[in-house]
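Multiple structures are listed underneath, in C-alpha cells.
Both of the next two complexes hold chain A, though its partner changes from chain B to chain C.
Entry: the complex of A and B
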C-alpha cells in the first residue's frame, strides 16, 4: 500500500463516516427512512447524478470543469428518444441503436469540449458554458421543443427493475464506478490524468501529449452523459429537451463533497460515489424529517461549503 | 530615497547590544526536527551571512523570524525586548522584514502598484493617488539603480532578475531594523549583484542589520561582517568574516571533506562522434538570422555560459521542442531531425533537466516513484496497466544509484530537499537511458553536498558516452565540469573557450562584450 493511496483511502473513510452518521441520524429520527422501499427509492434517485458525477470526476481531476452535462443530457435523450420511437424496429434493435445514439452524441459533444479547450488553450469553464447553450438549443431544435414519449413498455420496465431490492440502474452506476476506479488508479492513463491535474507542464516535458489526455477526459464525461440519458429515459419514460437543467451543478457538488480538489490532481471516484450518496440521503432524509424542499436545498448548499472547509483542515493535518 | 533616516541609524556603535538575538530555538514538524537549537546574534548595522546546506534549517529559521512558524522552544529578542511575532505583519511592525526567495509579486499589476500594495496612497475618497504613487515608486527604483524600468509596466513584463530587485525596493519602502534577504542573488547576474551589494552597504551605513542568506561563499566574503553556519538545524559556529576561510565554511556546512570531490580534476571523455549538431538553429525569440550553430560530441560536457537573458534557456527549450524552433537544422547522430514536441525529442534520446524544478521538473504533490517513472511509464506497465512493484523497484534502484535521501517511493516529491529533488529529476531522465542530456542550472538551490554528488554523476554519465549540454550561471560550476564552454550573448554564440583556456575573466569578457555590442548602437 503506497502512502498516497493510503492517504486517499483515509480521506474516503472520513467521507464514508459522515455518510454513515447521516444514515444513523435519519434512521433514528424518522420512521420511514430505513425501509427497503425508501432505500431503493434513494438509490434510484442518486443514480443519474452519480453517473454524471463519475464523468465530472475525470474532468475535475485534470483541473477542468464541465458545465454542459445537464444540457448534453437533454440533447442525448432527445436524439436517443427519436431513434427509440422509429417504427418497424424490434425493441431490442431500437434500444441498442438508441443507446449507441445517446453515447455517440455525448462522445461528440464531450470531444468538442475537450478539443476546443485544449487546442486553443481556453478555460474549460468558458468552452463548456458555450456547449451548455449549444446542446440545449440543439435539443430544442431537433424536437421543435416537443417531448418524445411512448417508448417500448419493456424498456420502461427495465428502468424500475430490481435485484434483491436494489434498482438495476443503480447497479449499472456501481459497475461504472468500479471501472472508473480501476482506470484512475491502476492504469498509465489514470496516472497521467492525476499528473496533468498536479503539474501539466512537467507531464508535457516528460513527453506526454496533453491534448490526448484532456480530450479523453471530456470525451469520457460525454459518454457517461449518454448513459445517464438512457437511464433517465428508462426511468421516466420521456425524452424532453428541457430535462437536466442544473444537473451539472449537482454533479459538481457530488465530486466536491467527495473530496476531489477543484484545482485538479487530487481525489477519487469512490469519494464521488460517497458524495453522491450524501446528497441523495440528505435530500430524502430531510424531506422525511418534515423539512420543505427549499430548506433541503439550503442545507445541501451548506454541506457543499462545509465539505470544502473540512477538506482544507484535513489537508493541513496530513501535510504537517 | 524613501527609507528615512530614523532613530535606528544613531544606534550604530552606540551599543554593543545585539539588535536580534536567538537562543536555542527549536522546532519540530511531526517527526522531523527542523531546528535543533539555533543560537545567533546580529549586531546593529551588521551584515550577517547565514549559510548551510538545503535542509539545514535556514528556511524554517526565516519563517520563525517573520512570524509564519511558531518555534517550540527557545528565546528570541529584538532590540532587547522579547520577540514573538504571530504574523508577518507583527514582524514588520517590529521592524523585521524578509525578501523571500519565492516571488510575491502580482504579475498583472504595475511595478508601482506592487511596491505600494500594502499601503496604496489614497485620497479622501479612497481613490488611489496614481501620480503620487508612481512618482514615489520611481524614486524607490532610482534609489536602487533600476532606472531603466518604467513603474507603470506590469510586473509580468520584467525578467526574473528585475523582479527580484523590485522585491528589494518594496521591502525598502518601510523602515526596518532587520532586513532578511533569502538567496537574493540566485537569479541575478553579476552586474545586478553589484547593484544589490551597493544597496546593502548603504543600509549598513544607516545602521540597518541585514541577514544575508546565500549559497555563494564568494558573496558571503564580499559583503558580510560575520557569518553563521547551520547544519541539521543547529548552529555550527558564528565567525567574523576575517577570521574564517572558504574551506572552514564548507567543512562547517557539510561536516566532512566533501569538497575534494568538487575540486577533482576532470578527465575529458569527449569522443569524436558528433551526437547533436545545430546549424543556424533559431527559435521564436531569436533576433538573429544566423541563429546558433554548435556540435556536441559523444561523452562531452559542453557548457553554455552567458548573462541572464542571453538566450541560454530558450536554446535548450528549442532543442527539446518545448518551444517550437523557428528555422535551422538539428542533426541527431548526423541525421536531420525535426521535433514537433518534447515527446519526439525524448524518443530521439534527448532528456531535459529544466531550470525550474518546481514548475516544470517535478510533480511535487505526487509520489517520488511517480516522478521517477514519469518519462518511462511504458517500461513499468503492460498494456497500459501500471506495475507498482516494477515502479518501486525502479525507484529504489535509482534511489540507491544517486544516493537519494528519501522516506520511501510513495512519499511526495515535496518532502525532499532541493538537492534530492534534483536527483529525482535526473533519475526521471536516466530511466530513459538518453544519449543527450540538456541541463539547465543543474545545481540551482542545491546544497554543497548534493552538488558534489551531482557533479560526480554528470562526469560518470559523460564517461559512459552520454553527451551533456550544461547551462549554468555559476562559472566555477561550468569550469569544474565542462570540456568546453561556449559563451552566449543576445541569443548568439560570442565565444568559445577550451578547457585549457578556462578563466572567469575570459568568459565574462565575452559575455559582456556581446552585450555592449548590442546596446552600443
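Entry: the complex of A and C
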C-alpha cells in the first residue's frame, strides 16, 4: 500500500471513531437509538444527503464547490415527475423514462456548471450560485409552481422497501459510494482529479486537459443529483419545485465532516459516507435525546466547525 | 440599504409632489403585494385575484411576489415602488409582521389605502408607528383549534399526540401552534413532543420518523401544514402504522386523495384563492369613499374531511 492511501485510511479511521463514539453515546443515553427500526430510519434519512454528497466530493476534490445541487434536485424531480405521470405508459416504462429524464436533467445542469467555469476560468462558487437560481426558476417555470403527486403505487412502495432491515434506497447509495471509491482511488481519471486539486498547473503541464476533468467532475455531481431526485420522489411520493432548499449545505457539510479539504486534493468518498452518517446520527439521536430544535441546530454547527479544526491538526500530524 | 432608503424617500417626495395623473386617469389601481409565488397557496391566491380583476373590470391590478418566504427585501422594494407609482390602494400579505410596518406607514402617509391580509401585522409595532390598520384574514389559531378538535374527538381524552410546527418566528406558525394547544387542552390530549419541520415534506418525514421511534405510542399527529402532513403519512406508510391519525392545514390539492382514503383525517381550507380578492374588494370600498376598515375582518375557513373533500 502506498504512503498516500495509508494516510487516507488513517484519516477515515479517525472519522469512523468519532461516529462510533456518537453511536455509543446515544445508545447509552437514549432508549430507542440502537433498535433495528431506528437504524433503518437513520439510513433512510441520510440516503438523499449521501448521494448528493458523493457528487459533491468529486467537485470539492478538484477544488470546486457546487451550490446548485438543492435547486437542481427540485428541477430534476419536477421533470421526472412530469414524465412519471404521463398517462398511457406502463409503470416500468414510466419509471425508466423518468429516471433517464432526472439523470439527463442533472447531467445537463452539471455539464453547464463545469463547462462555464472551466471555459471562462470562473470560480465555481459564482457559476453554481447562478445555476442555483436558474434551476430553481426552471423548476417553477415547468410546473407553474404546482406540486406533482400521485405516482404509481409500486414506485411509491419501492421508496420504503427493505432488505433485511436495510432500506433499498440506502443500498443504492452504498453501491454509488463503492463505484465512486473505485473511480477515485483505482483509476487514472480519479488520481488526476486529486492531482488537479493539489496542483492544477502540474496536471496541465503533464499534458492533460483540465477542461475535460473539471467538466467531468461537475457532470458526475449532476448525474448523482438526478438519482437523488428519484429517491426523493420514491420516498415522499411528491415532486415539488420548492424542495431541496439548503440541501447543498448539508451535502457540503457531510463532505467536510468526512475530512475532505475545501482546498481540494485531499479526502475520500468513504470519509463522505462517514460524514453523512455523523450528520444523520446527530439529527436523529438529538431528537431521541429530547433536545430542542434550536439546540440541535447549534450542535450541528459546532460539529462542522470542530471537524475542520480537527482536520487542521490531522494535516499537521500526517505532514510531519 | 441606506442608499435605497434615501432613494425611496426622494422617490416618495417626488411622487407626493406630482399629481398621480397616470393612475388616477380612470380606473383605480390596486397594488397587490404577495408572499412567495413558489408556493401553491399564494399562487392560487394570485390567480384568484387575477380572475377577480377580470370579473369586476372596474380596477387595475398590479401584483408582485417574492422569491421565497424570507425574502423581505423584495416586498419592501415592491411597496416603495407602488408608492412611487402612486397606486390608489396597496393590498399586502406581509412577509414579516414587524418589518413591513414602516414602509406601509409611508404608503398611508402618502394617502394610499392600505389593507393588510393573510398575516396580521404586529399590534405593538403598529402602535409604535402610530398607525391603525385593519386586518382581513383567516383565524389561523381558530382553524388549528378546529382541526385539532376533530382529532381530539376521534382519539378521545388521553390520546397521545405530537405537533409538527412551521417556521419558528413565523406568525402563522405560532398561531397554528397555539390553536393546536387550545384543542389539546380542551380535548384533554397528552402532548408528547412538538418540533419544527420548517413547513417541509422531507424534513417532516425524517423528524416524525424519529419522534415515532422515541414515542411508539403516538396516536395522533397535528401538522401545521399539509406539506408536512404528507411527509408524516409517508413515514407512517413506511413504518406500517395505519393506527395513527393525522391532521393538516391548508387543503392543498395533493392531500385530496389522502383525505378520501382516510390517511389524512382532516385539514383546514382557508379559501386562499378568494382571500386576496376579498381584501381587494374591501380596499376598493374604502377608495370609493366607504368607511375605514377596523379591527379584524375574519375570512371564511372550513374543516375538510372525508365527507366534504372534493
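Definition applied: the second predicted complex is superposed on the first by the 320 of 320 C-alpha atoms of A that agree within 3 Å, B and C clash if a C-alpha of one lies under 4 Å from a C-alpha of the other, contacts with A are read in each partner's own complex, and residues count from 1 in each chain.
The working rule: a residue touches a chain if its C-beta (ideal position, glycine included) is under 8 Å from a C-beta of that chain, and two chains touch if they have at least 3 such contacts.
Everything quoted here is computed from the prediction, not taken from an experiment.
Engineer: Since both structures carry chain A, what do chain B and chain C do when superposed there: clash or fit?
Structural biologist: Here the two partners, once superposed via chain A, fit next to each other without clashing.
Engineer: More residues of chain A are touched by which chain, chain B or chain C?
Structural biologist: Touched residues of chain A are more numerous for C.
Engineer: Thinking of the overlay built on chain A, is A:237 touched by chain B (first), by chain C (second), by both, or by neither?
Structural biologist: Once the two structures are laid over each other on A, A:237 reaches chain C alone.
Engineer: Of the partners chain B and chain C, which touch A:204 in the superposed model: first, second, both, neither?
Structural biologist: A:204 sits against chain B, while chain C stays out of touch.
Engineer: Once the structures are superposed on A, label A:192 by its partner contacts, choosing first (chain B), second (chain C), both or neither.
Structural biologist: first
Engineer: Quick one: minimum Cα-Cα distance, chain B versus chain C, in the superposed arrangement, integer Å.
Structural biologist: Minimum over all C-alpha pairs of chain B and chain C: 23 Å.
Engineer: Could you tell me which stretches of chain A are touched by chain B in one complex and by chain C in the other?
Structural biologist: none
Engineer: Which bits of chain A are touching chain B when the two form their complex?
Structural biologist: Result: residues 2-6, 186-189, 191-192, 194-195, 198-199, 201-209, 265-266, 320 of chain A touch chain B.
Engineer: Show me the residue ranges of chain C that touch chain A in the complex, using the header's touch definition.
Structural biologist: 36-40, 43, 68, 168, 195-196, 200-202, 205-207, 209-211, 213-214, 216, 227, 230-231, 234, 237-239, 252-254, 257
Engineer: Mind pulling up the chain B residues that touch chain A in the complex?
Structural biologist: Touching chain A: residues 29-30, 320, 322, 341-343, 345-347, 352, 354, 359-367, 369-370, 374-375, 377-378, 381, 384-386, 388, 408-412, 428 of chain B.
Engineer: What does chain A use to touch chain C in their complex?
Structural biologist: 30, 32, 35, 37-38, 41, 44-45, 48, 136, 140, 144-147, 149-150, 159-160, 232, 235-238, 240-243, 245, 283-284, 287-288, 290, 293-294
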